[in-house]
């Protein structure tokens, strides 16, 4: 690997990211999949960094899932998005931040469309006005939440309590990063580092002391692919794609997988369990899986948040081995206790995958 | 005393070298077996890649010869031998011609398509060679089938007699690919509604403007290229031709009826070249073309001092390459004559 | 093992690194003419069997080179060994021995 | 009084062993015959065929008639050994009976007679008729055998005098047996000479004079030398007998049995029977097949000829190369002095070697053909020589033949090519398919342009209709006056395709046909001795370069008389020759077509 070559590409794909006053929109699915992540983002931004992040209770889905599943027409999607912008404009914000990668992709797509086809914009303004009576301004800056964390990675380091090194050996941890397809594959210029060698997660890992590993199937899809998972008969296809990635990364002995998309961590995490049940295979060491983290979870760990507050208890692949490597203290007995300390009940153990 | 150089062969290479040598002040005799110079170029209607008329180049070469070179047509050579100083040619007319240096610009023959019996040349009415087609273009008449009809579908068969162990020719003839593309376009120029197909194994668009012409053939003229070598063909009752290939890109055998099947025949060494080479002791390669001393650095020299090579006696050449090669040969001979 | 109602899909790609090249090695030794194929397809075009069935003797050589043993096994069974392809091949590939030698080599794998 | 000495033991034990082996194997072979052949054998023994077999044994095993036909010197060499030794044994026995005092002589007695009886001058028979008859006779016969030995030694150095270019490369057991055989008779000569010389009597013109000379040199020690030589003689015989079953000389008992089998009408089958085993045993490794093999002299492949192939079968060391590298042109079996069908044996072995691969021909199309009185089956190769098809169509149209072009749109293979690989079962599927097709057409005549198809149609299809090669059919049409022909004066050399000539026994029809349209020129090797074009489907493991060498060599033979056209009657031969021939190569159908008036 010629690192200079990568750096050259990263330099070509620099992106402007606003530094304060964000209008934040949530993902449809993340609060189910990794419920601590969005909460962690808000806590980091507001409590640690003192930034102004505003959420509007009236915001909705961007309709991206429906759009990419061919059930929502583009005009509809654009009008829904126009409404989100109207909420932003009404709240007095200009910097739009999305939690979801697919949303981010769709916002980018819509904005590019309007840029090249002003008549479409006019038409959509008309639709929105007609349907809701609202008007909107085009945001000055649209970023994905991972872009924002990327922007403040050094500030997080400064406040951090842990680094991505093995606390016993001092060796940097080995990290597989995986970018959601809609982050930069459609518009490479909209992503930090472009599409081929995206830098957004790499930058965080490097800053926090870890070592990114590049493996042959790095660019391959996580296996979600909307249609493939949504239809049960197609799930084998989804599974096969994830498997292809696991088999390719396994020889590099990664300590964890880092992601920035709602779907990718979901499938990396759950499919490791499914494959272990179906074929008896595991991809970590000693019968363990490879822990899968979102960037908010990772930032939270660096800042010393309690793992159970970050929602690690709902991961299918246990994160305890990673915590042990970094040297993050945790109380195993608290793993399945609720917010108020009530017992949530321990789930049944998987057959093959090592569970804690 | 002025030195004499005899150039054998009045085709593109021979004409070019002879006029260059004359320009350099040498005394040149150009021997041509036929009744006029020009060689194969006389048969070609238009030249690839720009489809300019062949006679333009021919006229240019002919004019360069005028008043400078002693051109002798209808001159067959019965024998040639090395003398203590230089060489001696015995002409069929009985004359003996001494000279100080020889340039073999004896060119090539076209592959005899009868040898590929499975393609039915000389058996089926509407199987012709690329040379036949060029003559038809040259005649100025519209192209027709043997039955006098305008063709509605024409197939070009690539690599006929080239790259074929079965006829003993392993080499590539280089210019048939681009000739096939050129002629396909010319068919479409005459018959915009006709379907034209090229059946190829590899398309070797090796020189400047060739690939662009291939692109034009697809984009502008809607010419179809099918990757597969024709294995055999048969004649229908209406004299159309059914040919068989494997469409290798779908991995299935394919048959197709064409009104006219054009065989893109390649180069073979001419028997005359081989006869002269044997008399002069010049090395003949495994492909039966003449072998220069060093194909990169001394490509116009033979192992016999004073005997030089230019053009297609050394293997397949395009016209532009033959002209360049012959110019270089002239310079080399000029320098050689100074050392005598 | 648990039943999920779906299975991992088999990979469709040719995994060249994992494929078995032993048959190819055997052929290189016993019928080296196989190395000279240029995939022109004239053998398949002339093939008597290929006119009726999904048999492709050119593909046999491609599968062999890729180490795709399973489809190769099926493919070689369909040859009638008539030898017409040998008369056509511009590269002198000795197809009849190719078929027999592949069968011998596949036998040896067991 | 029967004499005995310890030195007779090696001979006697060797002889017992040899007789045991012969009886053992003959009985194994006879019992190993299929039931129908066993029956033939039993009835044969008690028929007149028994005596014709004996005659054949005499002519072939002793006189070597076929060897004589090939080369007189070679024939004489073989005869002097076989017939000479036979007579030595026969006459020695008669002689020993005369001197014997008992009713049964042990076998060694006539062999070592001179050791036991030194003076035989008192014989009443000789006194009354020719004095010294037996002494002369036995010396004469020994000299007869020794002359063969001298020739055998000369043959090593000058095989050409014997009509041979190369000789067989032999194995160790062959060499041991051969050395013994060569030494037996010279040792006998000097053993007898020393004995005769020492005792001063008993020898003939050769042994007595030589013996007298020896005694002059060796004096009293001659007796001991003689004794040592008798030991040597016995030992050599013993070793020869013991090695014989493991050497090329096993051909002697095998050939005798083979002759009986043949006379009783027993033939080879498609799989190994005793008959095949006896044939394999009957190969004397004389090497005649080596010289006629084009793979050897034209393509420099020297390890697969019939003699080596048969030896590898006998030694159970058959390998893929030796099996598959053969043109199956039939030239070696045509030349074989023992008449071994090496090609059939090779196919049987290929069959056993071909493994268990199921062939998948489930795709065979099943459309029934139209009805027609005559079927024309061009054959797959002919589709690559469209001039032949054009000619046949033109001629048949001209002659008004009502025919169906059965494989105009292609068809499945006739089956012979795959049969040549030994895959009989797979070939059977193709044969069955085509046979049904042919029968459904209701035709009475099947005409093919391909000798390969022609041969398999005749040999394997068991068709109840006429099967003709187009040379035969066209000749018939011409004779019936259905094809008008123009005079045509081109010098033509005709090449016999292997499967039409040696394989189909049709040499005349093509020549007769050609004589009507052209002037046939002489070809040095033709007819039964014609050469393979090099394109053979019988061979699997050969490079195209080696094929080219064979083709070039065959062309040299065919163009020896400077013909203008090379005519053949096979699409495969035509294509093969066309690659290299400098003259036109035409099928006879094209020649006829060209000779028809416009």
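When the chains are written out, they are named A, B, C and D in that same order, and each has its own residue count from 1.
Just so we're on the same page, a contact is a pair of C-beta atoms (placed from the backbone, for glycine too) under 8 Å apart; a residue touches a chain by one contact, two chains touch by 3 or more.
In this text the structure is predicted, and so the values were computed from the model without any measurement.
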When contacts are scored as defined above, which chain pair ends up with more C-beta pairs, B-C or B-D?
B-C
Most remote chain, CA-based centroid, reference being chain B:
A
Chain whose Cα centroid lies nearest the overall Cα centroid:
C
Once you find the CA centre of chain B and the CA centre of chain C, what distance in Å lies between them?
38
Go ahead and note the Å separation of the Cα centroids belonging to chain B and chain D.
54
Calculate how many whole Å lie between the centre of chain A and the centre of chain B, each centre taken as the average of the chain's C-alpha atoms.
66
The distance between the C-alpha centres of chain A and chain C, rounded to whole Å, is 46
Would you mind listing the residues of chain C that make contact with two or more other chains?
46, 51, 87-88, 92
For chain B, what residues touch not just one other chain but two or more?
118, 165-166, 232
Between which chains is there touch?
A-C, B-C, B-D, C-D
Residues of chain D defined as touching chain C within the complex:
320, 324, 354-355, 357-361, 363-365, 380-381, 383-384, 410-413, 417-418, 420-421, 423, 430, 535, 537, 540-545, 572, 575
Can you list the chain B residues touching chain C in their complex?
118, 159, 163-166, 201-202, 227-232, 244-248, 251-254
Could you list, by residue number, the parts of chain C that touch chain A in their complex?
1-2, 4-11
In the complex formed with chain D, which residues of chain B make contact?
115, 117-118, 120, 123-124, 165-168, 232-235
Touching chain B in the complex: which residues of chain D?
383-387, 389-390, 544, 575, 578-580
